[in-house]
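Data block below; observations after.
Chain lettering (A, B, C and D) follows the sequence in which the chains are written, and residue indices restart at 1 in each chain.
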Amino acid sequence: MIALDELNCCGKDAFVAALGDLFEHSPWVAEAAFGQRPFASLAALHAATVGIVRAAPAGPRLALIKAHPDLAGKAARAGQMTADSVAEQGSAGLDRLSAAELAEFHRRNDAYRAKFGFPFVICVRRHGKESILRAYQRRLTHDTATEVEAALAEIARITALRLDQRVEAADRLKVHGRLSTHVLDNHAGRPAAGVAIELYELDAGGERLIVRAVTNADGRTDQPLIGGRPVPIARYELRFQVGAYFAGRRIDLADPPFLDVVPLRFAVAEPEEHYHVPLLVTPWSYATYRGS
Amino acid sequence: MIALDELNCCGKDAFVAALGDLFEHSPWVAEAAFGQRPFASLAALHAATVGIVRAAPAGPRLALIKAHPDLAGKAARAGQMTADSVAEQGSAGLDRLSAAELAEFHRRNDAYRAKFGFPFVICVRRHGKESILRAYQRRLTHDTATEVEAALAEIARITALRLDQRVEAADRLKVHGRLSTHVLDNHAGRPAAGVAIELYELDAGGERLIVRAVTNADGRTDQPLIGGRPVPIARYELRFQVGAYFAGRRIDLADPPFLDVVPLRFAVAEPEEHYHVPLLVTPWSYATYRGS
Amino acid sequence: MIALDELNCCGKDAFVAALGDLFEHSPWVAEAAFGQRPFASLAALHAATVGIVRAAPAGPRLALIKAHPDLAGKAARAGQMTADSVAEQGSAGLDRLSAAELAEFHRRNDAYRAKFGFPFVICVRRHGKESILRAYQRRLTHDTATEVEAALAEIARITALRLDQRVEAADRLKVHGRLSTHVLDNHAGRPAAGVAIELYELDAGGERLIVRAVTNADGRTDQPLIGGRPVPIARYELRFQVGAYFAGRRIDLADPPFLDVVPLRFAVAEPEEHYHVPLLVTPWSYATYRGS
Amino acid sequence: MIALDELNCCGKDAFVAALGDLFEHSPWVAEAAFGQRPFASLAALHAATVGIVRAAPAGPRLALIKAHPDLAGKAARAGQMTADSVAEQGSAGLDRLSAAELAEFHRRNDAYRAKFGFPFVICVRRHGKESILRAYQRRLTHDTATEVEAALAEIARITALRLDQRVEAADRLKVHGRLSTHVLDNHAGRPAAGVAIELYELDAGGERLIVRAVTNADGRTDQPLIGGRPVPIARYELRFQVGAYFAGRRIDLADPPFLDVVPLRFAVAEPEEHYHVPLLVTPWSYATYRGS
């Protein structure tokens, strides 16, 4: 991490060394930003870089878009992507695709490139696999001008996340969301402590375990289930081991118990928001809702 | 179906023709029951046959137990089971076991037979596969006297269900349970009509579709999801297509919608009871409970 | 009660004797209806009488409206109302008004009559006191033509209810609603039996006990809380003695218990509909909703 | 407020000036506590004073109990109570009793004093009026030794609250509870902002408004409804103006709306705990529970 203060007073070489790769293979953005110092906030720095891209002639702007690698493409397999792109594509599981999924991505990449002449750019940290595939489908119906705009908007999101990870400042960019839960035992009238929880991401191909946790004395998890990053647009299932919890309370349950593993299935559509998905539960009932 | 009145006044041959196979390969029970006519009710007829077995010497009682086929055993594969047993074992899916499951059943049959000297008898219509496997495990820990009692109790349940299917009478035996649901749209304050529902039975090996249904104008299904029979002791998942339902109401939903397919997972422990498992739902919340 | 069949074949005198007072002080409607016999259904009979009024010249129609007594008016105090009107006004509590309320009704009657030249006609069985006062306010803003229509529509409702009480037929008019409840004990997973319930009608002046009931084994009341009549448009409060219920189940409660008397407060807007207002309850939580 | 550090190093006169009236009319406790300085924490100071009373001979201990004024007694009317007692009795509304209530308190004071020979001592800040009356009833059945213990335990609670208000220290005594709420709009899937709320304390004689509040953007109140003090043991009713809230959201409601003012009625039994009583609401349903 580098401090915003330092970026505001260092030499040009150091500035470009720090932010030259903020925009994929396009150090010229950082070079131009150097001339606009000082930046009063991280938000101002981000806005300045986005403004530089917007103000650039069509040629360099298109070149910037074209500098992005295909999703799950040859560059990834050949080890030729930037470190940022490697981490970003990995976060959505694009480095672990099945052969069929890989073929599907290539088909869509090719179709997109064939229509628009540049690669499909998307801020993958904001998406699950399924959501990326839906985005291809939706965006493939656009015209080129719309897609140039869409690509630049995605690049703004990508660089906001990169800045968030690299630069220390008093302000933070609004790039993180949060997924949390809370288990209330309405049978005992208190938080349910010690409930084992699993969070899965669901897609057409099955499910992927995201995190395991156990509720604390307040019925919450010590850490948010997803936090410090965007919550990927995706379908999820939370599973709560309430049968084991109530058995541990020595409550007289049916055999097998009416409720054992309780699944809550929901989707996230706004990665920068807080999704609170609590469980109100007795051995014979449960409820959930989008809370806050 | 034969009427109880007719059983009460027909000749012995006709009586034994009608009920000789009520107890597996044991027409002597029906023969003895003939002498106790008339029966005031179906319950009285059933109680009489059970009493005859209870009063019989140990030899014939043991022979009756031994006359039952193994679950998923050689008799089934050789086509040597009674028609009743074929239908009963099929109802729990024992005629569709995988090779691994078949091996598991044979191992347990052998262990049970080795310990007690007679086959494992259970009223399979009251159970799912998983529940039968748990019953083996539990009953294998008993002593022989307990298991003779257990087998006779199961035979009483088996014959009650057979009588229920064969004999018309003013009274009915308490052998049926019911599984029903009801979808309330708490967003609109009315029953949710046209919601597609699927009911699955879950077991370690996966899931099996039991029934599909669509809610009617009152938010219920025209027929109970399971009815006119015991509700097998098993784990179930109900899935409600609430995303499609709310989209059909032209409500402004998130993309993807917060709730799309809502799963309710629960278990049945008392096959002769009514399990009412309703869904109270909005685009952002849901609740369920064991109702009535 | 007189049978529709009998009305269809009796002489004119008997017909007019039976239905002459259906329309307030206006036997000419029944006399005209006699000529349209036979009526295939109660609905047809009602439609015929309403049609006769609609087809009548303005003079008799206005006379019919004027033949109605003021609400809580002099006719009531002087014992000069028809038996039907006495019962109807009593059903909304108009025979038990405080002096202040009486003055309020008289003020509104006078204002209405001053503007339109005829009395305020409303089907009082469909209303609580507060709802009637709101109706005065709303209707006083109308023009005369609108109010003549409104009065005739109310007369159609009044006469539908009178026919419903007097004539037996295979069909029934849709003039009844229903208010029911159901108490589910989500702590035990079964209906809550033996819960004492009170239903109050609320208005600005306070509350009026409508009915007391106790839940049966299914958690319901043997009779609907309101049934066999329109459910008056009004605000209600249901009160459930859940503290006593859970104490009776020997559950370890806080002292005083977190929940003791649970009030559910709601309003009815559609008197001919079914309002099902259940209570899902544990010692620490409760929920309600408009059910079906 | 005086700092614990200062109490630990000041002279005896200053120490007794600060804490001499901690125990009602009994400066000897503070005098003895002076000798045990320094106190590592507020908890240690409180424990020391309680220990001094416990270790004192029966005479002074009884004198301490007797030094307490009657609840709603002559001392109050004559203006002879300590400032602490005036504030404490006022907090439970004992300075605003009706004539009938006053007579009731005097009857109970007299009965208690007649049996035990000393006044009824209770930490009134932890109670509502009704709860105090129940305590008389319960404690009047005890023997004298039990009541001496009960009075000393109440004095420990009274002095803990007095210390909490007077002494600044790094630690705090566990003498505060909290009552909070949260309104979730399950129709929109977000917190309900701008909902007007009233909190009433209920007793046999009626209700007393405790506080009015309006929910903020997170559906909560900026301040807890009760906080920074014990939550009095009492029955409460929260009233939420949900009809106005949903009307403000331009939702198409029934007329009158099914839900308008939603009352939640509950009781507090543990004054030092957190009572979170949320409302999950749509125009057609609501739920509450003891949360955390």
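Just so it is clear, a contact is a pair of C-beta atoms (placed from the backbone, for glycine too) under 8 Å apart; a residue touches a chain by one contact, two chains touch by 3 or more.
Small disclaimer: the values here were computed from a predicted structure and weren't measured.
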Same or different contact residues where chain D meets its copy chain A, judged by the half mark
same
Compared with chain C, which chain's mean CA position is the farthest off?
A
Set C-D beside B-C; more C-beta pairs touch across C-D
Whole-Å distance, C-alpha centre of chain A to that of chain C, is 57
Expressed in whole Å, how far the mean CA point of chain B lies from that of chain C is 47
Residues touching two or more other chains, restricted to chain A: which are they?
186, 189, 254, 258, 280, 284-285, 287, 289-290
Given the complex, residues on chain D that touch chain A span 182, 184, 186, 189-191, 218-219, 280, 287, 289-292
For the chain D and chain C complex, residues of the former touching the latter
131, 233, 235, 254-263, 265-267, 269-270, 280, 284-290
Which bits of chain B are touching chain D when the two form their complex?
186-189, 254, 258, 280, 282-285, 287
